[in-house]
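Look at the two complexes coming up: subunit A is in both, with subunit B in one and subunit C in the other.
Entry: the complex of A and B
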């Protein structure tokens, strides 16, 4: 519990209307988009970097945890206050400070919503590619802290590929500035990469300098239906061999297709093993040509049906299927545990089969969809939170699916982060040495273990 | 009202994805998690699990909802958040009671048309006797915080309520349809002009109108958790309208319309069901049943835009009918605004209780209106009209705010009242 004198001090720093003390308000900052839920002692909503520095210094003096929080849409428990303390809600710091069209750079505060930044830059003919499915709500700060990715990652990379500079309040309350407006920089250690994906454990990001691109002139969307998953995976390889890099290559497995069809009744084939949704973008002429080439490649490699969207309406119809996945799958059972392992692309068919074996062994409902271009798969287990016995089977299945991913040369998490949910499995991938190196970094930067304790590492 | 078991199943369906943040107008202004659907559902869940009391804070947070249904429309799991919030409000009202003032208004005024009329006359007297001028001049209201601003939000009362001005039956020769008109409190006490426009447009389209004795639809009581009063009002209305031999029961107010539709579940009687089935919005009747014919009058220079009332678009599922009617008026240019279906912030008496918040929501709407370059803003709900006029005025805009019926009425040479 926080002493009341500390609470008073915090109120003086940020203004009392920006501090939530009531049980009811605090409980609303104890969860994110996972089933995890804890209780912060206080919710603080600062407006400036200086306010944050003061609070962090106070925390080091009185030794209370601080948990940075964006929109709370994390899928690994990153912003839940497992040890209580102060949830530092950064959504009030939501200004786009600058869009520099000459240098193709945007400077933003951490609470800016991803979609709003994209809208603003697109008005100027520019493009910020990272597109997590949560972009209409997630914050840029949260995106950087989790190194969020999205369907466009295969061609355009993930958040880390766009961060040029950061302003960070360190765990002891100092102000750190790294990087700047240049694309190149090799001054000392690459702290930007260290901070991107640091899950709020190494500092509070207060300003972000992002790289922008010119907006591609055109895009074309395709959908291909496959009787065989292997053929779908093989098509992806063939497309890339042809020298075509689609912006998007989304894969849905058989169960996902059935769920979506049951939900939307849009005429998807119930006997298909896989559907690929693909998007090519670039100069208009090239895009037209590539779309036709991709369609041919799909047919040559076993697609039973290929659709090229003729207009915006067609395009929406194709994406409607993909967008409905989340809603469609919870019709099976209410609780959805979303994992996001990634494997080398060539291992996708093998990984899918391993996942299905695991699900069968533990008698669980599992659907798989994800990004076929970069091997990032989202196996989702549908279960019922209130059924303890089933949840135990879920836990065991998850441990196995992580093992399988690492065995196939992959990773525990492509984009959602470790947080609390995957902390027990971290060593599967990092090994002892990797784990010790990471812990040493944390200890060096945050000697009092103030920032987001209980995350990444099991304590 | 829904049962606790149903509430629980809905709560279990919330995946806490946070998608509602993108559309909740309250979240948009405050970015406060307790105000967004996800937060409210989590609070209700914790209450049901015995972890949270129905504290004053809980009451406040539950009252902070526009019941605009934007979250539900956007929710991947289509959770009827407004119903769950109403469930909580009702529970709070039952266990903690509703405020003395509200209770008196609901149980004594709303149920008694005579008293309501007297109250409205008092309102008119206040506004026209010089008393209002005196009170404003004396700055008496400033003693009560933002009461001064709220008072300016209150509409000008009609001198004589609409229903006391018009006959019960408004016949036409060889009617193609016969309808009963549910005038709603705002048209009756504040905006008789809208009532006249509705009647005139209908009659010009061969529709005979009957205006039975009627009571408040009950939404103010329902929204405050007073189901008892709402049920009582619903019973009275059903009983009276049932006697009329009509093809439809029409409303000019989206909030009344969607509430009347809910009578079926509220009363669960066959009479209520057949009553609810007959309820149509004015625009729906004209566009889908009657086949609207505009009059001969030339309109020119009108650039109009349209605001979708929450209760019309999401409550009754009507968004095309009003647009098709506007487009059927010769000489009118229609411009769609951005976020036309985002709540204007009125939400019944929300704008009185949470004035500042409602105004900031309204200003966003006003900006979207102004961006279209329109000189007339149309909508289909008197309560929205009040709020929209207020915020446009605050923005210094001279855009005229009218009910859809008032635009249509302008096309007839025999328009009874020109606005």
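Entry: the complex of A and C
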């Protein structure tokens, strides 16, 4: 617990109305989008970088944990206060500071909501591609801390590909600026990418310089229905071989399709093994031509039915199926454990079979959807967190699915981060040496283990 | 100096024919493409990762420096043995281990020559974009260690954007594998990007997994001649605003044009302030259309003359001018100090003016060319390294040009690295805090300061 003199000092720094001490308020900051919740000792909502520096220096003096937090939409437990301490809510720092149209750069505070930035830049004919599912709620700061992805990552890359510069408060309370408005820099170690995806364990991000692109002129959406999952996966390879890089290449497996159909009654085929939802974007004529090429490739490679959206209404209808997935699958059971493995693209069919075999063996409800272009699959286990026996089977199945992903040359997490949820499995992928290297970096930069303890590493 | 027992031990590890001890042999490994040369105590040419691990463990025991080296084409002194020690020449490890066409991935040893990899993947309709000027000589390992760029970086990014996985021997001789064949991963800290561009100071790269792209179907090259440099720079912005992202957008200033013309006599206009060389690539029809659009934009924005290459011969002729720059400029004076600043694109005209003012003040010959799309300029000072008085002026001018770049929101190095050449100026950009963070990482991972001492940091 924090001494009351420390709480008073924090109130002096940020103003007492921005410090939450009551049980009710603290409960709200104890969880994210993962099942487990924890209790912070205090919630602080700073407005400036200077306030954050002062709080971090205080933390190093009195040795309490600080847990930086955006909107709390994370799927790996990155922002939950597993060791108590002070949750630092950054949502008051929510200004778009600059949209520099000439250099194609935006400068934002961490609490800016991703979708709001996208709307603002699109008004100017520009484009910020990363599109995590939570984008209407999640903050850019959280996106950077977790290196968020999204469906468009296949063509456009993930958050790390758009961060040009950062202002960071270090774990000892110093102010650090890295990068800037230049798209190229190799000055010393790549601290920008070290902080991006470091899940609040190496620094608190207080300002972000983002690269923007010109907004693509047009886009075209397609849906293809497959009797065979292997054919769907093979189509993805054939599209890319043709030299076409769609913005998105989304896959839904048979159970996902059935869940969505039971939920929306939109006429999806209940006997299909897979659906691909694809979007091509770019110059208008090219997009028209590529949509036709993609449709042909789907048919040639075993699709039973291919639909090209003729207009915005058609497009919405196709995406409605994909967007409904999360809501649809929790109709089966109340708790959703959302995983995030990625494998080399060619291993998708093998990985899907391994996942289904694991789920069958542990008698669990599993749906699989995700970003087929990236090999990034989201196996979701539907369960009931009040059923201890079932949750034990879930835990065992999860350990096996991570092992399977790594065995197939893949990774534990494509875009959600390690957080608390995957920390027990980290060494499956990093090995002892990788773990020790990461740990050595953490120790060198945060000697008092102030920032977000209990994340990434099991301690 | 190394003890003879240590040299004997190294000979046992790699075979005595792969250890060079003579003065003549060691001289050859004392320099790169920067002016200063140093003397290694020994040159070792290992063939396997295991041999490297053994040598690094020996180095930690006997405390001698190890300097990893590819082809020695670096422009910042990254591979020169400033503190003596053992140069580890990695060019025997030169196998392309795999080109995985389904996953668009290549697995290579560090000694593979960049151009040879490009030729191999292009035979299969694939594409490895990074194209440093030295690509016919330089190795992929060196490219990764320095995070090399090249003209195509504007559209395609730099080496870091293509590294999916690495095998690394750590500074203490452990074997570490990070990443793999997946395009997305956020497992723990981003060690891939930490090692990429770390200039051999954090690890020795022994295997590289690279992302490939489908090869663009067509390309079209243009050249535009400008009476005004500002108009040339403004054209770059207008092209991007139009939503066109050329593969390359190269700029040559007035003195560069004159040097090339005096060297090649190809009819370049001696009174022009700037030439832009641009290449668009992609699907054939789109490329045709974009080339015409780019040509129009050049004319609308002040180009006096615009040429679209009609065929391969025309294209070669245009690129001949750009490729001749290095050979042409050393006609003025024998020593070329090649710098590599980058500024926000909109600051190019201001930066060019600052550079010319600095050169005039120190009475130096300066030519400026580079990648205008990225804001990455290569100011080259032509001088004579045997003229001590002139070299003193060069040193002062360089310090000023770095300060100017940072003042304009730029960076010391876009694609060459810090090495020894820019180490004295590192803090201009990183500040004290950034310097300390980088230093702390180096110390945590290389406690005995074995790997490439004297680089990046002034010690």
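General observations
Throughout what follows, the second predicted complex is superposed on the first by the 459 of 459 C-alpha atoms of A that agree within 3 Å, B and C clash if a C-alpha of one lies under 4 Å from a C-alpha of the other, contacts with A are read in each partner's own complex, and residues count from 1 in each chain.
To be clear about the criterion, a contact is a pair of C-beta atoms (placed from the backbone, for glycine too) under 8 Å apart; a residue touches a chain by one contact, two chains touch by 3 or more.
Computed from a predicted structure; not experimentally measured.
Contacts of A:16 after superposition on the shared chain: neither subunit B nor subunit C is touched.
Of the two partner chains placed around the shared chain by superposition, subunit C is the only one that A:426 touches, whereas subunit B remains out of contact. In the superposition on chain A, A:95 contacts neither subunit B nor subunit C.
By the document's definition of touching, of the two partners only subunit B reaches A:134; subunit C does not.
Once the two complexes are laid over each other on the shared chain, residue contacts for A:29 go to subunit B alone; subunit C is not touched.
In the superposed model, A:395 lies in contact with neither subunit B nor subunit C. With both structures placed on the common chain, the touch criterion links A:72 to subunit B but leaves subunit C unconnected. Of the two partner chains, subunit B is the only one touched by A:330; subunit C is not.
Once the two structures are overlaid, the count of subunit A residues touched is higher for C than for its counterpart among subunit B and subunit C.
Here subunit B touches subunit A in the complex through residues 12-13, 15-19, 21-22, 31, 33-34, 39, 42-43, 46, 52, 55, 57-58, 61, 76-78, going by the rule given at the top.
Per the touch definition, subunit C reaches subunit A in the complex via residues 100-105, 125, 146-147, 149, 153-154, 157-158, 160-161, 170, 174-191, 193-194, 196-198, 202, 213-217, 237, 240-245, 283, 285-286, 289, 342-346, 371, 374-376, 409-418, 422, 426, 429-431, 433-438, 440-445, 456.
If you check the complex, the residues on subunit A that touch subunit B are 20, 22-25, 27-29, 31-35, 37, 71-73, 89, 91-92, 94, 111, 115, 134, 136-137, 324, 326-327, 330, 334-336, 385-386.
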